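Common to both upcoming complexes is chain A, partnered first by chain B, then by chain C.
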Partner chain A sequence: MTLEAAKLAAANNLWGAILPELMLAGVALLLLALEILLPRRQHAVLADLAGAGILGTLLGLCFNWDSGMLGSETFGGLLYHSTSGQLLRAFFLIAAFLTCVIARLTLARQKMPRVEFYHLLLICTAAMMLLAQTNHLLMLFVTLETLTIALYVLVSYHRTSPASLEAGLKYVLMGALSSGLLLFGITLLYGVAGNPSLAGHAARPFHYADLAAFLTANPNHFLASLGIVLVLAGVAFKIGAFPFQIWVPDVYQGAPTPVTAFLAVASKAAGFAVLLGLCGPGALFSSYAWLTTPVLTAMAAASLLFGNLAALTQHNVKRLLGLSGVSHAGFLLLGVVAAGATPMALGAIYFYLFAYLLAAFAVFGVMAHVAGPDDADQELDHYAGLAKESPFLAGVLTVGLGSLAGIPPLAGFMGKLFIFLAAFQAGARAMLAVAIVGVVVSIYYYFGWIRAAYFETWTLPADAAAGPTRPARTPVGLLAGVTLGVLALASVVIGFYPGPLGHWLAMR
Partner chain B sequence: MRTLPFDPLLAAIAFPLASALVIACGLPKRWSVRLAYVAFAVPLLLALHTWWHFDASPKVAGYAFLTQYSTGLDAVGISLKLGLNGIAMPLFLLAGLVGFAAGLYALQSQAERLKLYLLLLLVMQGGLMGVFASVDVLFLYFFHELALIPTFIMVGVWGGRDRAYAAMKLTIYLTLGAMLSLAGLIAIYARSGANSFDLMALRDHLARFPLDQALQGNLFGLLLVGLGVLVSLFPLHTWAPLGYGAAPSSNAMLHAGVLKKFGLYTLIQVALPLLPAGHAAWASPLAWLAVLGNVLIIGFVTLAQRDLKQMIGYSSVMHMGYAFLGIATGTAVGVGGAVFLMVAHGLSVALLFLLATSVHHRTQTFALDEMGGLARPAPVLAAFLAAATFAGIGLPGFANFWGELAVFVALWQFSPAVTAVAVAGVVISAIYGLRALAQVCFGPATPRMEEVAARHPPADLRWSERVPALVLLTALLALGFWPRAISDPIHAALAAPATAAAAPSAR
Partner chain C sequence: MIPATLDGHLLVSGALFALGLLGVLLRRNTLVVFMCLELMLVASTVALVAFSRYNGILDGNVFVFFILTVAAAEVAVGLAIIVALFRRRQTVQVDELNSLRN
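After this line comes the complex of A and B, so read on.
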């Protein structure tokens, strides 16, 4: 963006279009300033400030939903504002707030510095919100890198834990590779689209609209195809889809629990926001559907099968959730594939994402209560006897896992149902069979987890001298209790009565 | 004719669910128990109300008490549409009856963690009422799953032998069956072009634009496999005896008695009218599979059982074979017989599971070889057990008789050979039923039984156990002597043109 464009933006008051992101960034900077100014013993208030800042932004976003910019481009075409974009903005804000709630629990236990954590979280969220509205390949890359770099730090935030550091390193290496692939793909697309010797070459090859026009004019160009595949590969890393899922189990296990939750939900959703912008109905790559559809279909099938089968053998719940997250990515990919054929798929994806948000954060919230100071050490056995000791946590866990597994009457079932319907209408019947196999397999491990919480009783190990090997559970506080209760209740209510949300998301 | 100021069907579903929610929110145990009494009674009373007023109430396409509630998904053709036709009403009543009996039996069971037990049972009850009251196919499935989840947990927490394994196996089998059924239902929805899950709309639409024959065959096959798992169609039945053997009594009563009927019910209400050509293609294989697999092979397997609860579990699998035979005939008499048999079997198997648990309390074992002479200290229990066994065999005077009779009559026209094997099955069921009855109640007490009796002298059936048993037995006898109470609506529903077209033209 040139200086002139910035001046123009200021003159037209376009900054209002990204007011939520600006607010988040402002709060993030305020946190750093206050950390210097406030005495150390008052630093606890900063965590509350971060949460309040996110909630305030969310409220502002809701009150100013139709900002008058919907359906228009701003900043010289860098951003495109749409209802889906607003929806995803709200999604990321909710996810960030819930991450804050979990972080209050786990960070206190680990005696970690806090302010940087919230600062990075806010920056990361702001980047995701911009990413959801991007309309320009460079903007895409810059926002994606911003959030990824913030996540590098967050993943290895628990700096005294070797597992966290290892996770951070793995994430950096894999992230760098994926960024490289993405950038290479973008470069190829730019180079091809900007080549004046080709028909319909674009004046602004980074802009989605111009690039899409070029791709439509050259529907079989080899280099463009290669670029598209590379861009998809880069995005597949973000959503953890097969075959780019290898980082998932280790990083999910090593990262602090709130970061794992944020990775599992927000980062995955960000990847799908990008993917929908690229491969959704009438989007950038729609003239290359002959290429993207088979690629995405294969990735969806492989993710569904691999994620579920690999999760079967896991005993560490974080790894289990990571691998089951791969299968959820497969489900969502199925929706993306269907989106080309039926408009309903788009709503189905958003519904699925929201159901996944509710369920996953409920489960991660319970995990934060059950885990000890070592975030990487969260075994299925630790859940033995949870139902007796804390029926509330066990209940929330059951609802969360049931929703992830897609059991009626929970929201996750409705999400899967919409995806099924969309896939069927798009004629992807073989994929539907794969998805059904995936669901049945997933029941085994989700149910195994519930079984641990309800059926098994915790017994001390044989050598009592070694002491109990299970970490002590954190009692449920007011904020966490209310949040978890609301999440579980929302999963149930939306499952029974998907009405407003379903109408709004799926039936537009 | 609507005499209530509220929708009885919605109330029958919502009241148990709301009670479960209240209990979950931390109601004290004393009040939970009192609330549970009410919550188990309300669906029964409402079911009796609908049964009593069924004839007189106005009907749309055979459905009485029709109401529709939006869940915000009207655009994709999903809405909570409740109503009862002649097939649904008897099963709705069955759910009310068995639910009430199972609830009462649970309340006196002194189970560990009683509140959670009641809560899950109430969720199951609400789901069951919903299954048979739903006109919307998706909600039919939805309520079935809702009622199914408590089963998984209850088997795992309160189950007997091998409960962890049984719970896991049950969960995986039933989920597989449910997912396949869901795929079949979605396929019907998507391929019909009606853009609606409403059964009435689907019937109207498919009556005018039937699907092509090959597709109907595939869809019917898919539904048959999926629903077959849920109803324990041979050879997909292995979860059933294991699961019922391990399940706590009230749960086994509700699952074997009512919930399992979902598969048959869906075949009759959805698959038969919507996929007549599919049914015609599958009728013969289904009949032979049911008669050779469920009736004959499982009949012999039941003979070999030495464990009372496992035996009841296997016998329930065997009797499902007769219901499948009725469906295979596709005639109004045969399918009507299957519906009647579903109701009768639901009552009798629930009674058997109830009594088996009461026997276990007195003998401390389910092993038939270790029992004996229970009739002397517990004559009432023995009398109930004898009555339940006779009902299971299908003696005249009990409801089962009419169901089996109608199935056999229809089956004779369908295929005499199948009928011959099916009737032979009745002999098998008489052998194992009477033999088990003799071993439990009569003859000299075994040494092990004497040992148990010395420590805990077996008492007769307490009133808290008699009442639920009486409810079930009364219903069995009432239907045995007055079958028209439900057979008229069943016949009226099946003779309606929508289903009459389902009668197979080919044998």
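After this line comes the complex of A and C, so read on.
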């Protein structure tokens, strides 16, 4: 490479474009340094620092929303900056902040070291933010692995608990399998696209635009379709869509509650960010819609049915949320399928993600208050009598679960409505029927949970000598109370006035 | 001696990938499963290097370095979890790791 070429490449490395990610990584490193420097009894301040770092990054991102680089590539085509990328960056930052709030409760209760948790959370968030802007298969692989490996550690973070470790091991095995499939798919695409004997072969086969041009020139190549199917399989693991959902219930149950929340919301959204980059309108695989549309439609239908039916029989609330998360992935997949035919589907997907974020974190926040020291042991029975003991928690739980179930007028209802409208416009009538059956089934188990909180009373087990088997509830602190209140309020307000948010999301 | 061709390399790569995938699905010992996962990654590196060589594009060779790094990180975390779990449960068989259930 000549000096001129090197200069040209360096000029394209606009570090300002990834300032939010750099800030997060800086705070993450600062946390580790301060852990060494500060005396042990002042370590509690590090949790505040992590939360403040995330909020500061979020504020900086909002004030600098139109960074002047939107619609352009940086770092030699590794990244592409767009409004939807900015939106997802904000989404991941909000999810990370809410995870911090929940983690303050549970980590203190389990006497776990704090600093590494926040360090990994920040690194993971930064990787997700880069993932949302990736424009290159190498970048896709590296960011996806960064966030996945950080999540391996986070899932098994409670290292004295066999449940957490077992969940971690299952997640490692499943995650590594999915990266193996994804990687082989990427390899096949690279090899086929670079083949000089094929028409329209690419000079940079990992680059999205070059690869898309090659795929358009060869719309029926067998190895390319095999590669695409393998890549989709790898991504389906991340979003927990059927038939790659087997890890979901076990990992959700065993992981510490804040990590489960982060997995359920941020990791799923990261998977959909990738999927939209691959299968969205005008994206990488759009010339292979003949292949991707049936595959995604089948996955959506199977996820909707399996997730909801399997959740019916669950007694553990974390498993229940995991399996209901599979059905939420089904709804979002329905949106991705519709996105090929109607432009409003994209806005609908983002609206659904934000509504899901608000509702899911409200529910996980309540779970963190109800659970005891054993994070894996969270049964539906533990919620009996919650409304009498803590009307606030029961209220937040009702709003959150109602929104997840899609009860009007909450935000989750509007999210489902927009997805249904998009599917209707795209002409996917059969899928619409499946989705509506899914909603009806989901109302049953979500309301079983609400009923436990309101209409059941807690009775001591028959052998009183064994003592009460239910963990004591944690009193609601100021920060957690305000956060939960805001989340529940936002779900209600956005449900009544979806206009501004929907308008803003659809504007892009 | 048979001259090396792209097809030959891809055959090896495909065989490694199939062996790894079958091993992950069929073997019950976590450590063996882990080795099979590594086999799947190695299959990709073989194919990437072969494609780079025969297509005359160097990107694939660079990708291999990233795969090696990622695989090392994955193994470090995975083995740490296996060791910690073995201390608690005295087993690394996939069938016996079933404490998480409804």
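Going forward, the second predicted complex is superposed on the first by the 492 of 508 C-alpha atoms of A that agree within 3 Å, B and C clash if a C-alpha of one lies under 4 Å from a C-alpha of the other, contacts with A are read in each partner's own complex, and residues count from 1 in each chain.
To be clear about the criterion, contacts are C-beta pairs under 8 Å (C-beta built on N, C-alpha and C of every residue); 3 or more make two chains touch, one makes a residue touch a chain.
What you are looking at is a predicted structure, and each value in this text was computed from that prediction instead of being measured.
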Clash-or-fit label for the pair chain B, chain C on chain A: fit
Partner chain in contact with A:296 - chain B first, chain C second, else both or neither: neither
Touching partner for A:363 - first (chain B), second (chain C), both, neither: neither
First (chain B), second (chain C), both or neither touched by A:455: first
Of chain C and chain B, partner touching more chain A residues: C
Chain B versus chain C as contact partner of A:498, first or second or both or neither: first
Partner chain(s) touched by A:313 [first = chain B, second = chain C, both, neither]: second
Which of chain B and chain C A:215 touches, first, second, both or neither: neither
Arrangement angle, chain B at one end, chain C at the other, chain A at the vertex (C-alpha, nearest 10°): 140
Partner chain in contact with A:440 - chain B first, chain C second, else both or neither: first
Touching partner for A:399 - first (chain B), second (chain C), both, neither: neither
Superposed arrangement (fit on chain A Cα atoms) - minimum chain B/chain C Cα distance in Å: 22
Footprint overlap on chain A, where chain B in one structure and chain C in the other make contact: none
Contact footprint of chain A on chain B as seen in their complex: 24, 70-73, 75-76, 116, 138, 141-142, 145-146, 149, 152-153, 156-157, 163-164, 167-168, 171-172, 175-176, 179-180, 182-183, 186-187, 189-190
Interface residues, chain A side, partner chain B - complex: 344, 391, 395, 402, 407-409, 413, 417, 420-421, 424-425, 432-433, 436, 439-440, 443-444, 447-448, 450-451, 454-455, 496-503, 506-507
Complex contacts: residues of chain A adjacent to chain C: 138, 141-142, 145, 149, 152-153, 156, 159-160, 162-163, 165-170, 172-173, 176-177, 179-181, 183-184, 186-188, 190-191, 194-196, 201, 203-206, 249-250, 253-254, 313-316, 319, 376
Complex contact set, residues of chain C against chain A: 10, 13, 17, 20-21, 24, 30, 33-34, 37, 40-41, 43-44, 47-48, 50-51, 55-57, 59-60, 62-63, 66-67, 70, 73-74, 77-78, 81-82, 84-85, 88-89, 94, 97, 99-100, 102
